[in-house]
Amino acid sequence: MTEAAVGFYRRMKDLPSTHLLGTGTAMCAGCGGLEALHEIYDIIGDKSIFVNAAGCMTLLSVYPFTPFRGSWLYTAMASAPAGAQGVRDALDILKAKKQITDDEDMQVVVLTGDGSAYGMGLSATSGAMERDLDFLYICYDNEGYGNTGQQYSGATPHAAKTSTSKGARGFAGFKKDLFSIWAAHQPAYVATVIGAEPLDLAKKIEKARSLKGPRMIIALSPCPTGWDYDPKETVNIGKLAVKTGVWPLKEYINGKVVHTKIPRQRQPLEDYLKCQGRYKHLFEPQRNEVMLNQLQQKIDQYWDNING
Amino acid sequence: MTRMLLTGNAAAAWAARLAVADYIPAFPITPQTEIIESLANWIDNGEMDARLVTLESEHSMITAAGAAAATGIRVYSATSSQGLLYAMEMLYTVAGWRAPFVLTNVSRGLSSPITLESDHNDIVAARDCGFLQIHCSSCQEVLDNTLMAFRLAEDARIRLPVIVNLDGFYLSFTREPVELPDADKCRQFVGQYDAQNMLFRASRPTSQAVAVLGGSPYSYFRYETHLAAQNGLSVYEDVATDFEQHFGRHYDVLEAYKTEDAEIVFVIMGSYSSKAKDAVNSLRDAGQKAGLLRPRLLRPFPAKHFQQALKDVKAVAVIDQNISTGMGGVLHTELSAALYGQTQAPQLIASYMGGLGGRDISSEEFFEMAKEVSNAVKKNQPLAPRLLYTETELRELRKLQAVAHVERQQLHNSRQQTKKGGAIK
Amino acid sequence: MYRIRLHGRGGQGMKTASRILGSALFLEGYEVQDAPRYGAERRGAPIFAYVRADKQPINERGIIASPDLIIVADDSLVPVAAAGVLAGVDADCVLLINSDDDKETWRQRLNFKGKIYTLPVETEDRAELRFIGATCSGAAACLLGIISRESLTQAIQTELSALGMAVINTNLTKALAAFDHMQTAAGCVSEGKAILATDYQSPDWVQLPFEEARTSAPAIHAAATSVNVNTGVWRTLRPVIDYQLCNKCWWICSTFCPDGAIDVDDNNTPQIDYQHCKGCMICVAQCPPHAISSVAEELAQANEKKAAKRKQGVRS
């Protein structure tokens, strides 16, 4: 896609109706991460190489099956951005030495879960941004170590029940602000997206694709298995995440953070929480008003700062 | 061809330059750093057409190295000790990718306690990862074998990464006369990089390093890697023949020194082996038929070469510059396994551990090992494994321990004195 | 084989000196090995380097236990046990020492059996010794007797090539002057022999006993044991406080001293701990009334000795 094409995605009808990412993967039915990925892949296109870190999506490619029409390299949990560095540098060297033509070049895309992005892989990600690596980073964030059975990670929200925070108060920590950590590196682009808002997602990926340098995307990925809800609710829950203000859709570019979809009348957070088993303990056997208030206040505070 | 004084580190850097490496992912660590500094300077001065990128860790460095090799370019990198271990996950990973590149390891003892000086525990820790391992005993060998390592790594019968090992300080910082081969000849010897089918191109969708489910495909892929590694022995011999034709120097998989009629043979890896050579000469002058075997390749392990070379030898003294804690010397264990059940195998395979953390092994100690081993053979007695360590050293250590431990007692005493109103000294 | 060990302080160019000798010997057709040896120590700390040269390929490696020639760039290192300057010397060993004291003084002081040559560095500031590496290598080249002036010159040009012509020329002048200065002793160093299997001292091997981790783990069960390390020997310049000028401020010198080697007593008077002062001179730079001056360590020590003698005289 050329730069002139930026701005193509104005209406839902502009979104592609046939999809690039192959079917037949091992992802759970109703996977919010896969939903986001296939939407993203449609826009990035098959002239791409995905460099993957350990996580749920390790199992996208299981020998001899791959859903990718472009290329793929599996690395390890901590160092996918370094893998992207190796591929990007190699392609640049091959071009500089005229051993390949420009049309053999590809977008280099890192694909990791939140376990890698928020934790073990953060040092490698920071290093890649510091080196101004020309790559796209996609984090599918399902707020826990999903592939091992949803233990809490640095991305787990306060109070959520995970298989390592099963107590009455759920997870005691707070979700790390990865968007700000990334933005503090002043990369070319940082954005939050969600599969349930495909037009917003398409616009952002289209923009990211047109830029050079580190382009960082966090896709909140509702997870029926880890969040404990019926798979059919993935899009509803995703939309609620936006409408309740839990997942602010925003982008960082040229030193500024812009919110791309500000919920004018935010739905109560409760609407988002009560449809997920991981928050059941906040409502049963009796409502935990104190905690629910705390959680709502935190959201309100965030948006007061934005709107204020 | 120019003969000049080069350190082992400079020899390694020269080899990467002469092999026309395209890409050098790097990370500084003592005593390897001079290698990447040299390469960086050459690139900055326009003397070398390559790209050097400093990653944020060795783990990332090896990831980038493997990924670049997987994209289809010639890659070189270097590390040492803690760095090699920090990268350990990726050593296994990229070898499994079947990504061919060359990595220099400058041997240094492992933490804890942390040290800067040389031994082989770092490199033997990496012996099962799938990298081939070449161990050098001189700066010339570092240069020549690094060039050869590119051929080995990229050979279709192997296609695995290769580690070239040199000892920290003893080679890394030591200058020796090194023949610097002609650049064109090197280019010709190493050849154009052939990516085979390992590349990423927009026109050729490829998924590399893909997961497997189930033990059967896993077993297949891993065992194929093992078979490829084993090809290393014969391919090394081919490459060595070609190297000799180009440059006149010959390298064997297993270096044998005066072993033909030897009754006692030292087995040792790395730079200390040249000290063993001196000892062999001196022992022979004294009428004792001594010899030396030094494996250049540790992976693949030259078992057949050892079996052949040690036929009719009465006793072997294996000197390990490493300890597998709870077992002993790694080379001793592996050699014993290789010789088990062989007819005409040595009567005694003695195990010595020495040179840990850069400790010297003196000529006297080589002589004494020969004496101890030949006495045991005469008396047909076994010989317990021994750490080369002297009473003098232990006395010195006790002094250090006094500072570290007894000081507390003194402190305690002085506190007591203060309480009683006495002065602190 | 010739075995040469060079002792100096970090920053005095012993590595370069060893490389100059190595290159010169290589030019003379010798097989050569040269290497610096350093650990965690920094500028000013004792370090050493070594050179081996032989007509045969060299198999020996690592530190030199019994040297044929010892070069000491800084005589203040001789009494420093940690520097190990005299380790492994015998009657065949030649000692080349940069010192204002003459060789007889050193012979008596050290009870040294071998030949001693001193190398007075007349024109140099003893605290700086910027060209001592070149000077030592020039003198050593002459003592070895197997290095020509031409090879020495070429070796210096090669080893210092990155430093530019001016620096090279100054070093050359120094090295050649030292070379000529030693002419009467030219070739006095002889090749040492290897230890033979027919005649060696058995190593006093010991079986390490098992000791519980409370003893055998690498831990220090005490506070601040580093005060046992006499880093004062790193110092080539000494800060000296003029208490007439000291205005007993809020101990600026003590606050800024990186090593905490300046204590202030109850009267706000600073005292420098010369056992540990490394001679960085931050105190000299920061003292508001400029009450601290920088004195060459050598000179300061000589003054101390004189003062002590006077004291003795008064007493007796």
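The first chain written gets the first letter, and so on, giving A, B and C; residue counts start at 1 in each chain.
Here is the rule we use: a contact is a pair of C-beta atoms (placed from the backbone, for glycine too) under 8 Å apart; a residue touches a chain by one contact, two chains touch by 3 or more.
Predicted, not measured: the structure shown is a model, and the values here were computed from it.
Colleague: Among line, ring, star, complete and other, which one matches the pattern of chain touches?
Modeller: line
Colleague: Averaging each chain's C-alpha atoms to get its centre, pick out the one most distant from subunit C.
Modeller: If we average the C-alpha coordinates per chain, A ends up farthest from subunit C.
Colleague: Just give me the whole-number Å value for how far the CA centre of subunit A lies from that of subunit B.
Modeller: Chain centres of subunit A and subunit B, defined by C-alpha means, are spaced 43 Å apart.
Colleague: So the centre of each chain is just the mean of its C-alpha atoms; given that, what is the distance between subunit B and subunit C in Å?
Modeller: Each chain reduced to its C-alpha mean, subunit B and subunit C end up 34 Å apart.
Colleague: So, what's the distance in Å between the C-alpha centres of subunit C and subunit A?
Modeller: Centre-to-centre distance between subunit A and subunit C: 60 Å.
Colleague: Listing for subunit B: what residues touch at least two other chains?
Modeller: Touching at least two other chains: none.
Colleague: Scan subunit A for residues touching two or more other chains and write them down.
Modeller: Expected reply: no residues.
Colleague: Flag every residue of subunit A that touches subunit B in the complex, lowest number first.
Modeller: 46-47, 49, 51, 58-59, 61-64, 66, 68-76, 78-87, 89-94, 97, 100, 103-106, 123-124, 126-127, 130-131
Colleague: Provide the residue numbers of subunit B that touch subunit A in the complex, in ascending order.
Modeller: 22-23, 25, 49, 51, 53, 55-57, 59-61, 63-73, 75, 89-90, 93, 97, 200-213, 217
Colleague: Can you list the subunit B residues touching subunit C in their complex?
Modeller: 5, 7, 112-113, 116, 169-170, 173-177, 271-272, 274-275, 277-279, 282-283, 285-286, 288, 360, 362-365, 367-368, 370-371, 386-394, 401, 403-405, 407-408, 410-411
Colleague: Please give the residue numbers of subunit C that touch subunit B in the complex, ascending.
Modeller: So the residues of subunit C touching subunit B come out as 19, 22-23, 26, 31-37, 39-40, 58-63, 65, 194-198, 200-208, 215, 218-223, 225, 228.
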